[in-house]
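Before anything else, here's the structure in question.
Per-chain numbering from 1; labels A, B, C and D assigned in written order.
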Amino acid sequence: MLLLDLLLMLLIAYGFGFLYYGLYRNLSARVHGRFGPSLAQSFSDSIKLFVKEESTTFGWMFYLGPVIMASGAVLNVLFIPFLNQGESLQGLSSYGNLIVVLYLMVLGPLGNALGVGSSGNPFGVMGVTRGLTRLLALELPFYLAAIGVMIDAGSADFGIIMQAQSTQSNMFAHPLLFAAAFISFLGFMGKSPFDVVGAPQEVYSGPATEFSGKFLALLMSQSAMFSFAKLLLMVNLFWGGADHLGELVAKTFVLFVAATFIGSVYARFSTVQSVEFLIRIPTLLGIVGLALL
Amino acid sequence: MERKVITIYHGPQHPGITGNMSVELDLMGETITRARTHVGYLHRGFEKLIERRTIIQAFTIVCRICVPEPDPNEANFALAVERLAGIEVSERASYIRVMVLEMARLGAQLLWMAGQSGSVGLGTVGQWSIYDRDLILDLFEQLTGGRVYHMYIYPGGVRRELPDGFLERLSALLDYLQKRLDAYDRLFFDNASFQKRAIGVGVVRGEEVLRRGFSGQVLRGCGFARDLRRDNPYLLYDQLEFDIPTQSAGDVYARALVRRAEMRESIRILRQVIAQMPEEGAIMQKLPKHRKFTLPKEDTYVAVESARGEFGYYMAGDGSEMIRRMQVKGPSLIHAFSLLEPLLVGEELSNVALIMNSLGICPPEIER
Amino acid sequence: MFHFEATLLAHLFFGLSLLVILPLLRRRDLVLHLLLLLSLGILFYASSLATLFIGWEMMGWSSYFILASSARVATLQRYILFNLGGAFALLGAIALLYGFMGSLEYRDIDASLLPPWAMNAIALLLFVAVFVKSGIIGLHDWVVDSYSEATPLFSAILSAILSKAGIYLFIVMFMVLLKEGATEPLLFEIMAWLGVITSIVATFKAISQDEMRRLLAYSSIAQIGYIITILALMQGFALEAALYHTLIHTLIKLLLFMNIASIIAITQKERFSELGGMIYHAPVLFLLLVIGIIALAGMPLLGGFNSKFLIYTALLEEKRALLLGAVMFSSASAFLYCYKLVYGIYLGQRPQEASLHVSPKSYYLPQLLSAALLVLLALLPSLPVGYLSVIGVELGFAPLDDSNLFILQSAFGSFHGGALMGAFGVAFVALLGLLQLAHSKAKKVKDPLDISYCGEVPRSETNLHFGYGMGYELHRISFIAPLLRHHSRVLWDRLSLIASDFSALLSSLYSLSAQHVTLLALLLFTLLLLGGQ
Amino acid sequence: MDEGFIPYQQSLEDEEQSIKSTQSVIEQAIAWFRAHSMFVLAYGTGCGAIEMPPTFTSRYDIERLGVVGVATPRQADILIVSGYCSPKTLKRVIRSYEQMSEPKYIIGLGSCTINGGMYWDSYNTIKKLDDFLPVDMYVNGCMPRPEALIEGFVKLQEKIRANSSEAGYIQYRTRYAHYRANQERLFGTQVQPRYEENFAGMNL
């Protein structure tokens, strides 16, 4: 039963991940004033990459990098409950908690960074370095917000955190914390202005520079699932979770659309600027939010 | 062996490079310690090719010297040939030429805007501005038959009469663009995130900018109101009213602001052209037959202000129907070498594309 | 009254010492190493302050002599000066205590008798001793220099064990002996923030290092910083978290320093700018290092997460949100140096001219041992909790729940190590299988220079290894750049300059001629006479 | 086929039929995905690059066909050689092409790739791209309009779906000696390293 539940969660994350990816391309196309590709385009892309005839590898670590990354994304999906009540779609959330998930979010990228490094391509490593440098500032406001949420709920357990919001969700109860977390969330989603990692005009393709064929396909699939997991995390922490799947989709969709639209009207900060911005404004918001707790 | 500084190439196969060229960068972390421009990827030997062609044959290829903005090449070529051969151009043809040049300038600025915004990851601006540029290209197509390469400004005048209702359509387009420019102000020029990226980056300063032969927005961005249209008027620019926008900061943002104002000035000029253009008049002088069209044994230098700076042709005839020698001097060569290389040292890697775009470097014109 | 004899706490620390020192015993310094072990035994199992001090001093001196075989004179001087300073502070605290208690036996000490000023003075002196030993920022110079100049093996001992002596001293003094003392709470507050500031600054310094062992030295300082912070809470679960982290950190540092010792033995190089691309020459070492850094970064799936989790929940339970935010910030920044370590040595491009030697087989054993323990602890995170709880109970705190070895319990939630491991393992194997079965064939690039390089072809002499540059950008970030400058070094250099000027003045007394000496003596005599009247 | 005029629609349908008859369902599916997701390498080799931005942006919006630009050759399926190639550029183009993973296709954009075009007598451009790299689809003109480029992509989609053994990358593999000889003749001693020999075809 649990196994079926887990598979269902993965399927939902995979499906909605790619759907949102397609929506992202469509919505930003509308902002651009064009139609954009079909909704399933990203899915087609990933399938095509899976069936490319060859994929370049630089050795076993390079081969394992995307696998670790994807496993990290899978773990994230499994350890965040989809719904705030009931037995189904809870996954392994009772075996973990928010702190575990916060760390799991970094596990995949760090594992992939090993693969990137083993290719010996300087662009890849520069992308990873940018990612890790940005991360140190990106996590700070998010952590502050998460700490506020945990202290407020008196637990790091997702179920309790969501229950604590049954009267009023954290988003409205602690708007400053939510603002801090949302700015970080934009960065986690790789949206402008914090999209330094793979900036093509700067570091070629960043960490993805050497990945081709099935490796790239795996990276695309995991990124779709991972984005869904991040949306889920935001909904659970700040929006009281969801009672049923419909509500979940609606809430994640709203957050997703907000992130997409914000992302399409900002220029990219450089790494240094992102770090300075993130340490200044959202962190301050977070600290004030904690003080008001 | 100490390996502190890594060497990477920024281009030629790189999304952050303006066209087909490359910059070899030595990086300490992401800080550039040395930059070297590499060109030669696009060399076609124009100057040699032209020596083997008659004037009309040469006319067809000069526009290909600079792809984003071919018309200044045609104008230069026509002006040089006219000066050498002693041909007077009618007022109406001159007005049409000014119109074409200003439309091309507007188009080139919109294309620049796409590049500049793309270099900071603000893709939306590029999507919009390329669309708007396409509307200009549509008018070009009506006028000349070509979208990109027009082969329109021919020695002696222009090659075709204006189509019916062309000026009205142009006028309508200008109204549209005027409105769009406000949208670009909001999305791009006044966007805090772009300002944050662009202010204080790639600063060009001091008197030496004049001595080293920089031109265009680089000069106007650091406070020198230099513009060939005003300083060395050609065609009918001395009869038109326009301002030369300047900024004093000398950074990427200053150059962007100069371009923003120049777009409005171009629209202003075009409106005057539409209002003042004579209804009647020959658009083309009577020229000698193809094989009899010879240039005297003299030389001349003509220059026009392109969207990126001074674009000059040196042309020498030898009494035959061939051009003895033609030398092209574009703004990009100077900017890509003697300006870009020192400017990049000490900057971050993320600013390379930003600075290159703001200098308006165009590789095909560097290498001809 | 306390009856503190050879207890579980001492067992824990001494056990860790045995774990680290025994595998590293070398014939040349055998005696000194044994002496060090002996001194640690004396320190940990002391039952009076006098014995404790003797152990403390012996530890300092024996490690000084071991260090002397490889370090520069300046480093040795710095080492001995800082340690003497710490020892004097400790001695001062002991003397003060003796003044009030009249005895040095642990069982005779009753802190409730101490007046507040004396208690605060003792606390301050002890802080100095602890801070010097654990290299709180400002007092950290000797740590970094001696770690990087010791023999590779001794670096492991220094980092894994000797840095913990300060922790032990703190626990014994404040949580056992002076527990009832009326120490000003502000002092502990300052200590907590000092700890976390140390960990942040040291983390950034670690990122900007080019030398492997300096990086790890700063990393040790940062990790000890967490422990100091958490201990300053003076709570039971905090103590257990600190002890758990001590345990994990000992394992990690043993693993990492031994790994680096192997690399130094193989390549004879110490800098990231001279290394790179070792992965295919030493895949086992690479994997061991990866285990080490994942644990160091505090990722789930390896033991490092357990103690991080306890530390976080302990801080959460005390509602120390800002402190926790700072700790988590420092911990997130640590990812960068962890990656730099593994990239700089094992990944990237090989340097051109590089002859390789063979690493001694004996270096692998401690690494394998710690790696196995780290994996085991990830699977069974509650394994040491029972033991730590007993220590906690012994010191008068409530025990932690360890009913299920797979589950690490805390007041703020729990996690199941087995489930994490299992889920990751299943996902990993499934995805690997998927990738293997994919239609697309993997083609291996044989020439490492066949990389996407903007259409250009790198030459073999082109440097593509980013090891030095990684983290260089921190110098551009306005918040971080000031932290990376050598403030403390400048401060101590000034001090040493003043001291040497003063000693030069003194030494000039010895070089005076006889007349002058006589004159001075007369002058002094007159002054004394005048003073006497 | 009978001589004379064949309606265009008819010819397309015939092609569709022939594709279906020779391929298994899985092959058809694979070919469909390949045809409907084309990653183009961002490399503006010549003046043709000026018509790429309009093609890729809101006016012509080629992303509707599943065409997007990617930064590195490893991820790309399609290389657009946009116009004339000087030998210096050609080296980089070959390098990029060899780094792309199969199946990969080349679109020759503009007359210059076919016969030198405007630069038929230039000393520094190659006249026929197909001597050096296998071109799958030519789009002629100077400049080819965005519509022409889109048409080229649509035709290429058909070609991809046909999945024939005539595809350029297979040619390049099977007739490598020929291409290599031409490259060596052009580049002389400064020829590119033969990295492709490093591929051992090893499956990890």
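As a convention for this text, a residue touches a chain if its C-beta (ideal position, glycine included) is under 8 Å from a C-beta of that chain, and two chains touch if they have at least 3 such contacts.
If you're wondering where the values come from, they're calculated on a predicted model, not measured in any experiment.
When every chain is reduced to the mean of its C-alpha atoms, the one closest to the centre of the whole protein set is A. Ranking every chain by how far its Cα centroid lies from the centroid of chain A, the top place goes to B.
Interface comparison, B-D versus C-D: the higher count of C-beta contacts falls to B-D.
Centre to centre, using the average C-alpha position, chain B and chain D are separated by 31 Å. As a whole-number value, the distance joining the C-alpha centres of chain B and chain C reads 61 Å.
Chain A and chain B, compared by their mean Cα positions, are separated by 43 Å.
Multi-chain contact residues of chain D (touching two or more other chains): 30, 42-43, 57-59, 71-74, 92, 96, 99, 101, 204. Those residues of chain B in touch with two or more other chains are numbered 6, 8, 12-15, 30, 127-128, 131, 348. Contacts with at least two other chains are made by residues 32-34, 49, 51-57, 60, 63, 122-123, 126, 129, 200, 204-205, 209-210, 213, 271-272 of chain A.
Chain contacts here are complete: no pair of chains fails to touch. Touching chain B in their complex are the following residues of chain A: 28, 31-34, 122-123, 126, 129-130, 192-193, 195-196, 199-204, 264-273. Against chain A, the residues of chain C that register as touching in their complex are 277, 279-280, 283, 286, 290, 294, 297-301, 305, 308-309, 312-313, 316, 319, 321-322, 324-325, 328-329, 332-333, 335-336, 338-339, 342-343, 346-349, 412-416, 419-420, 423-424, 427-428, 431-432, 434-435, 438-445, 448, 451-454, 464-466, 469-471, 473-474, 476-480.
Considering their complex, residues 25, 29, 32-38, 41, 44-45, 47-49, 51-57, 60, 63, 200, 204-205, 208-213, 216 of chain A touch chain D.
Here chain D touches chain B in the complex through residues 41-47, 49-51, 53-54, 57-59, 69, 71, 73, 84, 86, 88-89, 92, 96, 118-119, 121-125, 142-143, 145, going by the rule given at the top. Chain contact summary for the complex, chain A toward chain C: residues 49-61, 63-64, 66-68, 70-71, 74-75, 78-79, 92, 95-100, 103-104, 106-107, 110, 113-114, 117-123, 125-126, 128-129, 132-133, 135-136, 139-140, 143-144, 147-148, 150-151, 154-157, 204-205, 209-210, 213-215, 217-218, 271-272, 275-276, 279, 286-287, 290, 293.
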